[in-house]
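Next come two complexes, and both contain subunit A; in the first it sits with subunit B, in the second with subunit C.
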Partner chain A sequence: MKQVTLCVPLEVKPESCSRLTAAIEDLKRQEDKSADPNSPNFWRLRERIPTLHFMSISVFPAHDYDPVFILEANFDGPEGAFWNDLTAVVGEELRVMIRCCKRPSDGTGALYDAVTALASKRSVAPYFEARTQRPSVFHHGNRGLACQQILRDHSVFLETVEELDRRAPQLYRGEAPAKVHADLRTALLPNHRWLDDQAPERISPAERITDWAALTLFVLLLLAVAAAPGLLLAGLGVARDHLVAMALASVVATAAALLFWVRHLEVRDSSHDRPRQDERMLREMIRREDWITQNHMGSIVLIKPGVLRTVIVRAGHRGLHLALRALRASRAGYLGSMRTVHFAHWAFLNNHSRLLFFSNFDHSWDSYLDDFIEKAHGGLTLAWGCGVGFPTTRYLVGEGAEHGRQFKAWALASRTVSRFWYSAYPDLTVDQIERNHRIANGLRNKSLDDSAAEAWMLDL
Partner chain B sequence: MTPAVSGPIYRWEVGRKGQLAAAMLQLAPPVMALLRTVRPLLRLGSFWVVTRYDDVLEVFDTDAVYGVPYQPNLQVITASHPFFLGMPDGPEYQAQLATMQAVVLASDLPHLGDEAERLAAARIGAANGRIELVSFVRGVAFDLIARYFGISEPAPGSFALWGSRLFEFQFTGSAQDKAWRAEAEEFAVNFQKHIDRAIAARREVVAAGVSPDDVLGRCLARQAAGAPGYSDVEIRTAILCMIVGGPPQPPMVLPQAIEQLLRRPAWFAAAQQAARLDTPDNNDRLRAIITEAMRFDPLAPGFKRVALSSHELASGTPRARRIPAGATVFAATASAMMDERRVPQPSCFDPDRHAHNYLHFGHGLHECFGRFINHATLHRMVKPLLARPGLRRARGSAGRLEKRGPFAHRLELVFDDDA
Partner chain C sequence: MSGFGALRFGRALCLSFGPDLTGGSWLSVLERVAPVTNAVPPGKGETGSRAAALALSWSGLRQMGLEETALASFSRPFREGMLQEDRLRRLGDRRGDDWETTVVPGGPVWSANTPLRASAAGLRGGFDVPDGTAAEAHVTTALSVHAMLLLYTGSDEDASAWCAEVEAALRPVGVTVARSRSLFIDPEHPEQGNISREHFGFADGLSQPDPYDVGGAVTLDDVPVTQPRPVQGVPLGDFLIGYRNGHGEPSPGPVLPVPPPDDDGPAQAGLVRHPTAEGFLDLGLNGSYIVVRELKQDVAAFWQSMDANADRIRRHDPKHASHVTADWIAERVIGRNKDGHLLCPKGTLPPVNGAPNNDYLFWKDDRYAHGCPAGSHVRRANPRDALAPDDASRPSLLEAANRHRILRRGRKYGTSIADPRQDDGQERGLLFMCLNTDIARQFEFVQQTWLLNSSFAMLYGEEDPLLGAPGPMTIREKPLRRIVQVETYVQLVGGDYFFLPSLPALRYFALL
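After this line comes the complex of A and B, so read on.
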């Protein structure tokens, strides 16, 4: 099942920044009814864009650039249909926001004119499509589970709990596991006929093969590039009869030279140990956090200059991305050993001079970064180590994010307020979604033997 | 006997031309699919075909540039009295629209839905297990709308004949075609006189102290109260245009939808199940299934517009083309509803699609006035039939939908009559 993560960055007219911020806040007030218990929250997005998992709209101020507006979306299915659905719901609100942004000077300027013209009714979908920025690295938690499937699984979970509570627990306690499974299935089936269907495949064999093939190809390409100097020398007549040895020697020598060069740069890098925090923004971010199980963060950092860094950051991101797609844990719904990330991605902005990061995660921002620092600091350092002011790194993946306090301060300073943020299932953690899915999948089986039912019951 | 008293329901039914045109239209979907990819804005002389969803919407939304071409034919039907279908946006358009909105009320829709089902059920009860779907739906649709508007069936002549022939003239004919125009004028004059008589008769009934609550009754009440827009001629024109524009649609589109369902047995069974379970949820489900079935063979392949000034369509995209003033633009709604760039998995039958994926009744300023009536009644017209056990195609070619030009002509179904 195709899932898409993307963002649309648009440069903001500085004089329209406050108007844009107000427009985003208006949209939030219009859709977010959490303060009113009688109104369904985000119902328009929930009902009319059932493929949408998460969406955010933010404005990033900067000292070195004009502010940038970014719409981030994570959804199921084709992009064109998503944009069509989104613009059918909030198209006019998005048009107001585009009007606060600069006319792009690339080929999309005419489209900007068309959608922002006075009284224009032209759909803004093509403009967002044309301005879409692909992520350099992304992670999909609960990969392959469609938004509606997640919600259906959750309703099965809730009804299972209700059923267990409704019948006296002792009635189940004495029964064989297979009987418990059969009874629960019988109780839930009338409201969930889909439990009679086979579970849809989360990741198709073709997708798996493609993921591994892409990673293999990438590694082979890296080796070929590293072996090229040796092969060139062999071609020029140096040790012509020892082609393989020359290639291997070249790979080793190239890797050593690159590491030496990287290290040379790393020891001369400056880390930003105490970046200035905008107190007002900090307060605003804190005010919006920890209302529900999940939280959201957006960050933009400058990328360190230099040819080597440019090459390494691109190759590093590509490799990290491909590894994240192919790794078993990622396919099982988790980011390595981290079980708190729903959708996250990095993307390059402004001709690769800035790096954007968005994440939709469980629990508080502090514990989320702690989790990252503890369990995925290598990958985090590889992806973010190119950022100006990042804590000192060692051979691209060492140290860096391990400097927890410095790293947190640096990350915090790069954040902005998530002014509009939508989650289709705000009460569910990544773990709970997987658990719900296992329970629902178990109930799809018409019968289980005692040992399988016992294993399945561990999730109840 | 004059054509206004009896004759074929459509001119397309006479001769081989209709069959040939129907066969040609069968080729439209693959051709449009190709055009969407290779030539989304196709120019054929001064005629432009717009095939993609975004561009079709842009044509409809840019109504100041792409005007409706209905006025010349409409003048033949209304004896040159203005009706908002043929007008550009403006105070006169909005005033006429408001006069109709004041008498065709949203609160009528539930009753109209129930009435459509009742009329359909009565006809099926007398069908003896075999039904010709096109004429069945036509009978229900004209009966329903005539009652709602408060106009009784003419004798001699019939609403079905007059309405269908004028609908055909309005949307496929040309006022330049003298023979066709003369024929349309004859139908129109008969229709106008009939409505004039109905207005006079109603006035007498009202004077006698009886006032049925239908559209005509509401119009006359507003006229008596001195509300503008309700002179006798204005009432006549509005009712005439509503009966010409509305009830010819169901006998076109419903047989096409049923034919599409019959080709998909699982969905046909789902529609039957929804029809049999008589609850509001199942009514909604049936409506969704019928609406989706219509997407595979819609009411019309598209709608014509005329470029009133030069305009760049799809500007800012590689497919942008400048449409010159005076060009005829065909906004291919059928193609747009199959555009995979905006409609997810368009070849899949999915009744859970969002409303904005459907362009059955146009879009924007001139979106069909009767769309809400269609929304409330279309599925209810076929519900009693779908609920019948053993519903299936009649044997042989009679059980396959036959068309004449763009119009459904025949589709025979049989069902177990012992229920």
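After this line comes the complex of A and C, so read on.
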């Protein structure tokens, strides 16, 4: 099942912004039944949208623009079905929010009128679908696992622990690993019949081939563009007999010229090392964090202007996206050497002049940023270095996020309050989801030999 | 940076200012009875028979009249205090309106009682509507501590006598001793360093960072240490303000606006100009932040719980669990044996020159934690390279872990228990103290992301077995792990964040 990552940005009527914020808070209070111990948090979303992994609704204030409302979601399967499911649960609440946003000037204005008219009964699903914004880059920490699969694997994990430590603590001691595996399988099968089925493929061969083909094509295209000046010269008669040499020389010369140009821009870039932090906003962000294992962040930054920057940002994001789909480590859920990111989602707003970033991650925001600074600063600098005010960079990947304090201050100032935020499995880390999946996959085997069972038992 | 190791006794005095106290003249009074001195490195002359250290809270500095810009220039955790409600949640002390079981019933007894910072929450603009979110709670304690005075002496009698002198001198100037704890260490082999056992019976304070400084501020045997030692090397700036820190810049600290020409107090005190803030003096240079947490230990509860777990495991597995004793479990809760040697798959790590080896790494010999459990206290408190996903990323993960180190300077308080399985009704524990310049990146990170992280190192629903909430703890064995149920043995009694000023800063505070 393919996981879809998208967002819907809507410009807010400034005089309705506070009302919109209150409406989002109302929705959160309505769905988050933490006060009632008998009903789990967000149970309506959990039960009625079984494909939904994560969703957030927030408002981004800005110094340079009117505020923007963004609904962002990660779900399995077709978009149409998701929007229908979502609007069936909270459609009227979302309609109130759309009313707080401006009428778009493009072709979706009529749809806006239809769904926001007084007493309108028209579904808001088509409006959200029409206003959807695709990501420029995304990364999934547990790629290829459907939401329901993640939850099923976890229930197997919990029952395994229960069986080993409470129900039959004596049964599994002193047995050979193969027997422990067989006995556990027998014990769990009645409640989890699906363990008899073969595990579905997480990434199909077709998807794998497409991912690699796209990355290869992208690299070839870059090389072709870099080789073009040399080939053009050859066409004009310069060293006509040495086409390959001319192409190679052209690639080297183009790369050198671009690097020189980049460095020329970098030494003239201004950074924003001590951005002003809105105390009220900061407090609202922090008070929502660190209640559970996962946390959420949303950020918007302006993109540096200029021809070269524009080309680099677009090509860089495309390349990063394709690499994150194709490379083995990122397919296994690693971003650099970090495996705490459930998803990372970049998208361009306002004709590519603003860059949006959303992420769901394990542990605190500070530890997430520390991870970036300590373990993935190069890739992060490449992806975010195009932002206005980003700490001083060197050849696109150097320094930047290594200026840890400045980078944290810059990132913090670009964030907004995650007012409504839903996770289908809030207490599971990326690692734990993989652990659960390995345990469940082991149990799907009718039998394991002792050495395979012993390796599998490391996860129990 | 020495912890006055030669002076094994002492007192921690929580000082409270009376409502009428203003200014810093009480520090001059203190100077006469308990002069604060620079620590003397081991083997660098005599410390004398008495030594004192003083740290101040934000609320204390404010009451003494430190000017507003200077107060605002301290780091956020210090300005907000340890009892700010979001901070309490991250530190595992309180969730919403409820104190966790790891805090004494009813909440901590003492803190700095830092006031809530002014918020713009009340401001209403045109078109604004209330969004129904609650205001920030102001969490307070019965005792307000404005300063921590640490007195170190060679004997307990001298500590009592000195304490009485200090109390008598300070009372007339409006400073009272709100709380006092008798501190001590009792190293069994002083020649191997100051390794003392904490109340549960385990060698404590073993693993410490080795500071270095590219500018040559750290010397060892008169040779500058400018490069990190392989395992424990941490830049000096993570412990002293103004030196190169883990982010590769001088660690930031508080500043003071340059006073008008007729006020030469700051210059006389010895404050120097700040290197980057034009027109400001460096109030932080050579100072640090000190985290203090008074942790009460229930020794009998700890050992009774170990007994109960050992009994249960042996009962459930009579044939294969004869090695599981209370000591065996307790060693795995800590991660070391009682003498401080690290557990490893083949037993314990051999000593180096008779003392526990502290330059170990986890990944190579104990990646799957069959020796030192993944969730043991020492592995959580400093995972070194244990969290590396593969061999290639070990160096970067070790380097990442060393960005979050603290310099521990805790001492135990109370008396040693006669029978560890019999509660004698006496209060005892550890006065946890650590130095760091970035409280959020160092102390709070260690507490939140390592010690109390319920999914640390791919564990599920487990916290630090000593400091965390009651619950399971996994101990790996081949082929199947065992799980023990740990209870609450350690409770927070009080604490806060304090500023440990340099001598010039302290002299300046006395002029307020």
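Worth pointing out:
By our rule, the second predicted complex is superposed on the first by the 453 of 460 C-alpha atoms of A that agree within 3 Å, B and C clash if a C-alpha of one lies under 4 Å from a C-alpha of the other, contacts with A are read in each partner's own complex, and residues count from 1 in each chain.
The rule we apply is simple: a residue touches a chain if its C-beta (ideal position, glycine included) is under 8 Å from a C-beta of that chain, and two chains touch if they have at least 3 such contacts.
Predicted model, so just to flag it, every value in this text is computed and none were measured.
Superposition model on subunit A: subunit B and subunit C are shown accommodated side by side without a clash. When both complexes are overlaid on chain A, the residue A:165 reaches subunit C alone and has no touch with subunit B. When the two complexes are overlaid on their common chain A, residue A:126 makes contact with subunit B while staying clear of subunit C.
Shared-chain residue A:77: touches subunit B; no touch with subunit C. Residue contacts after overlaying the shared chain place A:111 against subunit B, while subunit C stays out of touching range. When both complexes are overlaid on chain A, the residue A:16 reaches subunit C alone and has no touch with subunit B. The larger set of touched subunit A residues comes from C, when the choice is between subunit B and subunit C. In the superposition on chain A, A:66 contacts neither subunit B nor subunit C. Once you line the two complexes up on chain A, you'll see the smallest CA to CA distance from subunit B to subunit C is 31 Å. Comparing the two interfaces of subunit A, the one with subunit B and the one with subunit C have no residue in common. Interface residues of subunit C, counted against subunit A in their complex, comprise 85-86, 89-90, 95, 117, 119-121, 125-133, 136, 246-249, 252, 316-317, 319-321, 368, 388-389, 393, 396-397, 399-400, 403-404, 440-441, 444-445, 448-449, 453-455, 458, 460-461, 476, 478-481, 483.
The touching residues of subunit B, when paired with subunit A in their complex, are 53-54, 57-58, 61-62, 315-317, 320, 340-344, 354, 356-357, 364.
Residues 14-19, 21-22, 25-26, 29, 157, 164-165, 169-170, 172-174, 176-177, 180, 279-280, 283-284, 286-287, 289-291, 293, 334, 337, 339, 362-364, 366-367, 370-371, 373-375, 402-405, 427, 429, 431-432, 435, 453-454, 457-458, 460 of subunit A touch subunit C in their complex. Those residues of subunit A whose C-beta lies close enough to touch subunit B in the complex are 48, 77-78, 80-81, 83-85, 88, 108-114, 121-123, 125-127, 130.
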